[in-house]
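Heads up, the next two complexes both have chain A, just with different partners, chain B and then chain C.
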Partner chain A sequence: MQAFLDTFDIFLLEAIVNGILLGGVLALLALGLNLIFGVIDVTWICYAELVMIGMYGMYYMVQVFGLPYWVAAPFAILLVAALGAALHYIVIAPLLTAPPINQLLATGGVLFILQSFATVAFGIDFRNLGIRLPVLAIGEMHFSYSRLLAFAAALIGMLAIYFFMKRTYTGTAIRAVAQDRQIMSLMGVDTKRIYLITSALGGALAGLAACLLVLQYDVHPFVGLSFGPITFLICVLGGLGNFVGGFIAAFVFAQIISLGGLYSDLEWGYVLAFAFFIVMMFIRPAGLFARRS
Partner chain B sequence: MSGRKAARLLVGLSAAIAVLGMAATAEAQEKKIKIGVIYDLTGPLAGGGSELQYIGAKIMLDQYAKTGVEGYKVEAVYADAQSKPDVAINEAVRLIEQEKVNMLLGFFSSAQCVPVAARVEQLKNFMWITTCISSAVLADKNFKYVFRPQASGDQFGLMTMDFIAQNSKAKLGKEPKDLRVAIIHEDGAYGVDVSKGNEAGAKKAGFNIVLKEGYSATAPDLSSLVTKLKRARPDVIFHTGYNPDITLFGRQAREQGLKFQALVGHGAGYGVYEKLKEGLGGDVNYVFNADPISIWLANQKSMDPKLPAVIKMVGEEFDKAKPGVAIRSAHVGMAASNTYVFLTEVLPRAIKKYGGVDPEALRKAALEVDLPEGGTMLGFGVKFHGEGSQMAGQNERSFPVVIQYIDDKSYVVWPKSQAQREAVLPLPKGTTFSNQ
Partner chain C sequence: MNSRYIAWAVGLAALVALPFVYREPYHLHILVLILIWSFAYTAWSIMGRFGLVSLGHGGFMGVGAYVTALLWNHLDVSPWIGIPISMAAAGVLALVVAYPCFRFRITGHYFVLVTLALSGIVLQVITATRDYTGGSLGYTPDRARSGSGLMALQFDDKTTWYLIALFVWVVGLLIWRWVDRSMSRYAMEAISEDEDAAAAAGVNVTAEKLKITLISALMTALAGALYCQYQMFISPDTVSGIAVSLQMVFAVIVGGLYVSLGPTVGAVITIMLAEVLRIGFGTKAVGWDNLVYGVLLVIFIIFLPKGILGSVLDRLKTQPKPSGTK
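Showing the complex of A and B:
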């Protein structure tokens, strides 16, 4: 009992805060995927690979072309936004009326194309941006500014999307299309344009995630494998298409990983998180924050 | 008419002789050994060292493709395991059954080696492992056709523990029983095996193991592990990993303010200095790594006199393939040396003494290899544990060494017989991780 009580120390607090910061990273990743699913009703399995392309974009602009980080970041966001729009135009649009499994397989195919493209174009080496941000030290607790930045960006991104959807004409149109795409097109809304804007917006969010992840992780063609599955699970846990649900689910998931890893083996943190996901799928199949029908 | 018949007979005979002659020539041309070579050329393991191993093996195979061995052509067929065990198995079977290779060579990842070795043995083909180190590949298997000149994983773990044990009092100022050590590792066959060696070595030395934990090499976050290490306050951390998990750990350890006296790695990602430097910057200074000695660091004076020229050739070819590399990775020399042992010791004996390159001839020839210490570019000798032994197929004379990265150079610091300089231990004051 005493041994258990001894674990309530400063390191527990550090693990909790680190869990929150990891949640910020995951929430940022989930934001764009949720937006796209909520509106277009298509899951981009290749979402993490778009992030990977954005990370490469940042690497080349900063390391090879010598652009300052803050100058390169908007270009990377624009690059992935354009990629998102292109993905919709070339792959998703022709499959909008196809069965969901075909759409999933198509975006799965894009995943392999992007991985292989990156292998051929950029090589298999791990690339590093070489930027070392300072660390925030409070007593024995230390927190990385790169994670604090990601957390802040996730929070701001979430609020920006919320206000964009609620307060702008285009946002309202996007929400309307998300509710009923057939009726909206009958009422004269250009759904094709809305889909394209949404895809570009989803891509831009992937680009934003790329700009922040590249400060914390090496980029290589398979970096998406570390994040893709977990991002997808978070979106499902929060209720696919539900921004707030995905946002909160990211923090729940990250806390289970962080605290589970602290009290047991690191691997058990992931086991507990996935077990929690499975149990929740039984209890609330439509996600933690889905409205009961 | 008889003249015509005689002419037809002559033409017919000539044609028959010509056909037979061509067949004989074809037979002579068919005298070749076809070697299936498998490494990871894509996926996370490629950049973690597998591609460098591929380059090392290819340099040697290309050399012997020009000259042949005992009248046999050497033809290599390369395959990419894509950093996936299932792909490695499928490629191994494809090379054996469809490409009809005489043997397989290579293999970087232990997670691939374990199932592939079992499959190759089942197919009664010959397998020459240049790289993967997990003891689980050979322990208690009694394989007949699988051979590994490379040191095994538990040897790595034992060697680093012995190194710290012998320096504990003198350099770290602590009796071994007071030394707090942490063992962390990726949770695949490779990491688990090395960690077992670490644990056995720590118990033998009487160290206080304050944490022993595995993690997935693809885990997106290791901050909980770092927090646990901060709580456990180890003096020395023994780490086995690939990359980029090593750089992720190093980066998060820095960000979370982890302090210790020494970090000891065990091959794989720790053997690729360029990537460590790129990911960790100056924090890579004074990191230790256990690996077979780099052929460019091995003591050439105590080596077979024909080997320094081969080492020079491998270095020149590597520089052509990867110009501008600060420290030539030990991975390159490891594959080159182990491939060289096969091409110069096993293959000629199989052809001359056992009449060919079938698995049985190669197996018998491998079992007869008897190189003393200094007989390979890696410094160690070669003699395989025979059938019936617990580690049948394992080289009983191989050993890793401990090197230390200091100011963009690597130095052998252990064992003393190979040491090029004294180890810098503990981490100097003022360095990122120093707890002094």
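Showing the complex of A and C:
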């Protein structure tokens, strides 16, 4: 047992820290999806595909047009925010009164559209920014700066959203709509406008995630499939629309993937995470932190 | 009513006779694919029409295809035994996931996302066990020695496959009709309206849902196994995973969820569309077919939620009929 610990604890510690770093970005993704669900009551199945488009936006601005990363990032965030607003305006708004399943499937159609649009427009090659950030070495552990940066930026992004929701009039209106959408329109809140703003915010979060993920991963049309499903599971595990739950669930999932990947292939990390999700669904069907009604 | 049976009989006879008069291999190939996928889509619609939207059917299909092929390659088990085993495996999987779902009242978004996790798991397990399944590169069942094609359920002849697929497709439609005429249908419709009210009216909610899920999963696994035997090549992307699940949902919605031939119409439209685009654009078509798919899906859900066939039938019914035809 001691020998086992000696050989593995340094890797274990590294895996745990990397898991926390991964959790930051996952929490950011989950926050965007939760925001949309909590306020508009719609699940964007295509959320990860918005991120993919944002990653391509970054690639083109940095690699093709030669913009510096820091200049390109705000544009990418704006681009995906506009895309989020457009998605709401074109697809979700006509379906607001339709059964929830239809809304879900319509965004599934958008998933097809975005994926194949990327295939047609950008080809199926793997592309990357060509930016290599240095690796931070502490003792025998190695952490890439891109992950640290992603973690920090994700935290800042989440804090910004938190203060926006708490301190501004629009943010308060969004929270109020999330609590009761019928009453708020009677109180003189333009719910249509709130929905659009929320969608743009959700898109902006996806854009921020895109800027961070593109530093770590190559972008290709199907990159969304590698973290999209996980994001939904995180949101469901935390309770759809429950921001704090989603935040914690993101770190739980990231640890499972990271530790599972340590002892075996990364796929088994994902299998473990999926299996954990199904088991948890049966124990806490309404999410980890559901208030018992 | 009698004229309907006659129409069905004539249509069936024409379909059975078709490969004996028309032998163009490419067109037969397309027809076989349409029939197999129609069967899979019908299987999905048996559940989907009652609001049980599952994105886990890609998983059932993958289990059906891979278990059959793995048993044949590694243990020399004939598909005649392997297919029932794979169906049973998919059935067990369906029960293991569905029972707690229904018992704990996981419905709507949550049910969709739990089943999504299921197809995610199946896809990842197939990819992770690449030493046995070939991973994402795909998997080919071993060719049978000549003369034992029947035992291995491998036929080079397209006509044989066409007849097998036709038979299975008809069985699928009969099951659909049987469910449509059974008490389960009324029970399930009551459940999809209001579970509490249905339970209060004496419907065993969990049992009824499980029954429908099991039927649907078994059929989907059979479709996966047949697809594997026919194509002699499977890969995680073509028979399992979220993309396949969404493809099923899409085809059924386009064709029509609430009519027996809806999934078939959906399969005809989607497969023809993919083929036409593939031939029309040549190798440039990568992605175009899915782009058109996606746009159509969104348009259909917004404007024609009952699907093509459903809307056409509705239109016919509401038109005043000239006297004497009924």
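The working rule: the second predicted complex is superposed on the first by the 279 of 293 C-alpha atoms of A that agree within 3 Å, B and C clash if a C-alpha of one lies under 4 Å from a C-alpha of the other, contacts with A are read in each partner's own complex, and residues count from 1 in each chain.
The rule we apply is simple: a contact is a pair of C-beta atoms (placed from the backbone, for glycine too) under 8 Å apart; a residue touches a chain by one contact, two chains touch by 3 or more.
Given the structure is predicted, the values throughout are model-derived calculations rather than measurements.
Upon superposition of the two complexes on chain A, a steric clash is found between chain B and chain C. When the two complexes are overlaid on their common chain A, residue A:Leu111 makes contact with chain C while staying clear of chain B.
Of the two partner chains, chain C is the only one touched by A:Ala98; chain B is not. Contacts of A:Glu49 after superposition on the shared chain: neither chain B nor chain C is touched.
After overlaying the two complexes on the shared chain, residue contacts for A:Ala15 are found with chain B alone; chain C is out of touch. Of the two partner chains, both chain B and chain C are touched by A:Tyr270. Applying the stated contact rule after C-alpha superposition, one finds that A:Asn128 touches chain B and leaves chain C untouched.
Contacts of A:Phe232 after superposition on the shared chain: chain C is touched, whereas chain B is not.
Within the three-chain superposition, the chain B stretch that clashes with chain C turns out to be 117-125, the only such case among 117-125, 153-161 or 351-359. Chain A residues 119, 124, 221, 225, 265, 267, 270 lie at the interface with chain B in one structure and with chain C in the other. Within the complex, the chain C residues that touch chain A are 51, 53, 97, 100-101, 104-106, 108-110, 112-114, 116-118, 120-121, 124-125, 127-128, 242-243, 246, 249-250, 253, 286-291, 293-298, 301-302, 305. Listed in rising order, the residues of chain B touching chain A in the complex are 41-44, 46-47, 51, 83, 187, 213-216, 218-225, 227-228, 230-231, 243-244, 247-248, 251-252, 254-257, 275, 278-279, 281. Here chain A touches chain C in the complex through residues 37, 43, 91, 94-95, 98-102, 104-106, 108-120, 124, 221, 225, 229, 232-233, 236, 240, 265, 267-268, 270-271, 274-275, 277-278, 281-282, 285-286, going by the rule given at the top.
For chain A in complex with chain B, the residues that touch the partner chain are 9, 11, 14-15, 18, 22, 25, 119, 124-128, 130, 132, 135, 137, 140, 142-144, 146-147, 216-218, 220-223, 225-227, 230, 257-262, 265-267, 269-270.
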